[in-house]
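Structures follow.
Consider the two complexes below, in which chain A is the common component and chain B and chain C are the respective partners.
What follows is the complex of A and B.
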């Protein structure tokens, strides 16, 4: 029952996202064709484009043909690249997903030990400094950090290559930059979990029974990290925003650059495709995470 | 005591900055170093960066506060109706909200920008749409919890109308978390504005905002690093203080 509910929710999401991205074209004020081509273009060109977009048919007919195309994986051709939108997206999506995965990896590698360390440290000044640093991490705009890091590490110190050149090393700096705000968020989240778990009854019981501190810490840590798993889904959604901007700074040929160029050139089919595909990929990832989490922690399957 | 001094210093800064005209260009001062006359130097068109930063903070904070306030108001209305009535209406609203939350905020913002072109209104609408679903979700949860409290049941038995129960009885009780969520949204809105401004899709020059100052500054990092660093520090400072405010609000 739980899985059926989740699955139907996912299908509804995909349907709604599709409808929204279709309506995007409809909501552009005035005639979309002249809006795309510009006001001072020839009337024949506008008429041709109207024909190509199917604008001379009614809304419902257009919606149905569009929906059929989407189901077949066809979003039409991009105006700027004159290539099928799907090909353009599929070419670039893996790189963006790779960046997202590496960033999430970095977030966990850093924030789990860091939160444990901050939780264990008893020195007041160090603790205060740690809190301050986490606050700064959460507040820093990642793209600003990206500019600074690129110039400091790339141009002045020459530790990293500036821009993307197909190697893992050139992706590392952008990923670190994207990860930093999330490190702040996740670290403070795990730490408050740690403090909460510490006061739980079972820990007191185990302590009274003489369990070694090493094992106790392990239990506390495990139970504080588990609730982070459903957060990953939300984190990826937030990461995309950072990735779009960071790709622009480091000139990484991923989804983000495609998105910005398509917005600047008003390439409507490409934007529709990008919004639809990116959101659907995220919905799928969230669905998988939900299922995984319900396997790990069966309590949430029980009810709302 | 310390806080008062900080506010005083900030006020003094605002007064000092209007000593310089944020729009006046000066060809002799292009990318000038920080000096006594221009506290943070000049930008690529010879305009005083410091006064532009202060004016930019006005535009940025105006956009953030207006859009987040609108989304909190609308979100409270929708959320409380969904939470109070429950059943079919609730499940329709929540399923829509869940879908919109799953769309990355930048895609929503870019969609709005495509429709409305760049400018003040598209910025406000974009941030409004990004924070509306989160607010609805939160208020809905709170109202759902309050709905079964005794005072609501008592009011119902006296025959108080639903709207009056929602807005006179329930709303004052959930006001605190709603106001806290305003600060969270405000911090996020500043970052969103800065990101879009940096991409050149926010408010267009000559109006300065923190985002589009960063956009102009990035090509001059090597010759004028203060041009990039100053707006970033302004953003960090504001967002940090907002987050701190949120934390303090949660403690009470």
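What follows is the complex of A and C.
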């Protein structure tokens, strides 16, 4: 019952987002037809295109047609690509998902050992250096990092291609660039959890009862990683709704590129479709996190 | 700590070594003669009649050929048609079809294909016409074994320039969006949307065959990435290089050429101070065009005085050598009563060139006591507010010309819906209208020249320059040429030693 209530609330919010975005797109200046054709086109051509796109109809008519289509799972045709919006999104999804998986994998594989290592290290200087590096990881702008990486690994070392070229290897560089700030965030988060857990009463209890340090560490680690799940959730949402800058720099034809193109060309059905897709992903992932959390940590279910 | 320092040195040294190794690789010629390049935006469609952006045409003109095609000088040469004839009254266009042309699918081209293509592009098969211009077509008829005649409703001297629209095989009518079949020197052998377009040499081409075996065009939206791709040797040709980065390209050849674009500082002729001719003249005198060309383009620009680039040799008037004159500008402003003129220029933010130009102009205008505020707006906003809405005081933009002078000059005609200059002059309107219906070419050229003189003498806008395009190519690439419209002719490119 709790979940059904939650679900219906979320469906309502998706509807609200859809309607609001439709109205907002109406309000911002910029005519799709002239955005597609540009300044060098004849005005008669722009009129022709407006008619072809159905832009000469009234706002309400267009909204109703759009709403009716959405209920039937049809988001209309993209202005620019003259292809169904759903197809465009679905075609780009595998690549975007692949990038998201690899990046999250990298983040997890690096953050967990790294945070544990930093927590274990007692040398003050090394610890300070570690903190400093985490700060750098979090704050380095990804577009800059992307270009530096391409220059070093693509132009100087020639180990990777500059930008995506349809191979798995060419995905690694962008994924590392995506991972780096996230590694910083997750590492610092897990580490502070570790320090906090260490001071908890149950640890002291287990320790005086003679539990080996090896097992103790595992306990602490498990309990420190759990609170990171929502953070990972946000990361996933970020990644599969389009990594705009990275996709642009590395020429990856994913959801983020689609988003940029759609905004630049005022491709309203496509923008609408992408907003809808984003809100659905957001709701879904949050839902999954809620469930996951309640499975892993029974205290949460108890608190309902 | 000591050891660490040494380690660092070692790393730096080895990196340097690798860098040097990397440099040695440049200039290596591929075995199969494939030329690689980039485009910043994917093509709109594979269907020749759905291409709208000039970036798409730039590539697809290698695949699709019209009855006529553009020459480097800005003229036309017969392509699919071996000759054409325009009737005395300017209404009937008769095209004789060239023998022995084969489509990319191996089928021979005949007069029926031409008829179908013309009908398709003009909307007679139930689509939106590819060009609004085609609504002027009254009739398309096969008038002989190898002859098609188009009859227009009203004479239009610009019409022939639109016959560069591609000819397609009629059996392909249902799959134009999926199968790009034309007659050009290259055929499309692979297309991955938003990623890569692969062209392959057409061995059956009727004319001079391509010298290379193929072209790979990567869709690379980020200019920095494109630049790195050239440095890393992943591409051979990099179009649209920033003149400020030429010193990084010492290992490459650079080619520059005008692009038939007019960069102008438009003054809204209906905005109160600019409605006075003296004020417009004063601003024209206060702007130092050479300074802009030097500062913004690193010298890569051709100074203009009217709305026509000299690459349109046949039509463009000669420069009279206008000079900057601050004293006269001040005097004109004083006489008009606008000594402390203040206004805002709205510039499209995505064009770094125009934004920089605005900054340079603002400094130059300060010298005559004019304060110009700069407001940058997003491109789509610029199009709707400034270009269509005419809600602006001044703006800076580049207008890319086509081969036909009418499309360039009619922008200033008072009945033109996108005359965003708000310029009105009945004499000018008449010149443009007369030029369109006259079939005597010499007369037409004279009309267009007179129109350009009016634009210059009335100081309708500050015509700045035709910014030159710079293309960087590998040292072994030859034959890259610039056309007065966006077209990269890959058939002329060769890979030499």
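Worth a mention:
Definition applied: the second predicted complex is superposed on the first by the 253 of 304 C-alpha atoms of A that agree within 3 Å, B and C clash if a C-alpha of one lies under 4 Å from a C-alpha of the other, contacts with A are read in each partner's own complex, and residues count from 1 in each chain.
In this section, a residue touches a chain if its C-beta (ideal position, glycine included) is under 8 Å from a C-beta of that chain, and two chains touch if they have at least 3 such contacts.
Please read all numbers here as calculations on a predicted model, not as lab measurements.
Of the two partner chains placed by the overlay, only chain C lies in contact with A:80; chain B stays clear of it. When the two complexes are overlaid on their common chain A, residue A:27 makes contact with chain B while staying clear of chain C.
By the touch criterion defined above, A:266 reaches both chain B and chain C.
Of the two partner chains placed around the shared chain by superposition, chain B and chain C are both touched by A:151. Of the two partner chains placed by the overlay, only chain B lies in contact with A:244; chain C stays clear of it. Of the two partner chains placed by superposition, only chain B is touched by A:139; chain C is not. Contact with neither chain B nor chain C is seen for A:289 once the two complexes are overlaid on the shared chain. In the superposed model, A:253 makes contact with chain C only, not with chain B. Applying the stated contact rule after C-alpha superposition, one finds that A:279 touches chain B and leaves chain C untouched. The interface of chain A with chain B overlaps its interface with chain C at residues 28-29, 147, 151, 155, 248-249, 260, 264, 266.
If you check the complex, the residues on chain B that touch chain A are 95-96, 98-99, 101-107, 110-111, 113-115, 187, 191-192, 194-195, 198-201, 214, 218, 221-222, 225, 228-229, 231-232, 235-237, 239-240, 243-244.
Across the interface of their complex, chain C is touched by residues 28-31, 34-45, 47-49, 51-52, 80-82, 91, 147, 150-151, 154-158, 161-166, 248-251, 253, 257, 260, 264-266 of chain A.
Every residue of chain C that touches chain A in the complex is listed here, in rising order: 15, 18-19, 22, 25, 44-45, 50, 52-54, 128-129, 131-133, 135, 177, 192-196, 218-222, 224-225, 228-229, 231-234, 378-381, 383-385, 387-388, 397, 399-400, 402, 407, 416-418. The residues of chain A lying in touch with chain B in their complex are 9, 12-13, 16-17, 20-21, 24, 27-29, 135-136, 138-141, 143-145, 147-148, 151, 155, 237-238, 240-241, 244-245, 248-249, 259-260, 263-264, 266, 268, 271, 274-275, 278-279, 282-283, 286.
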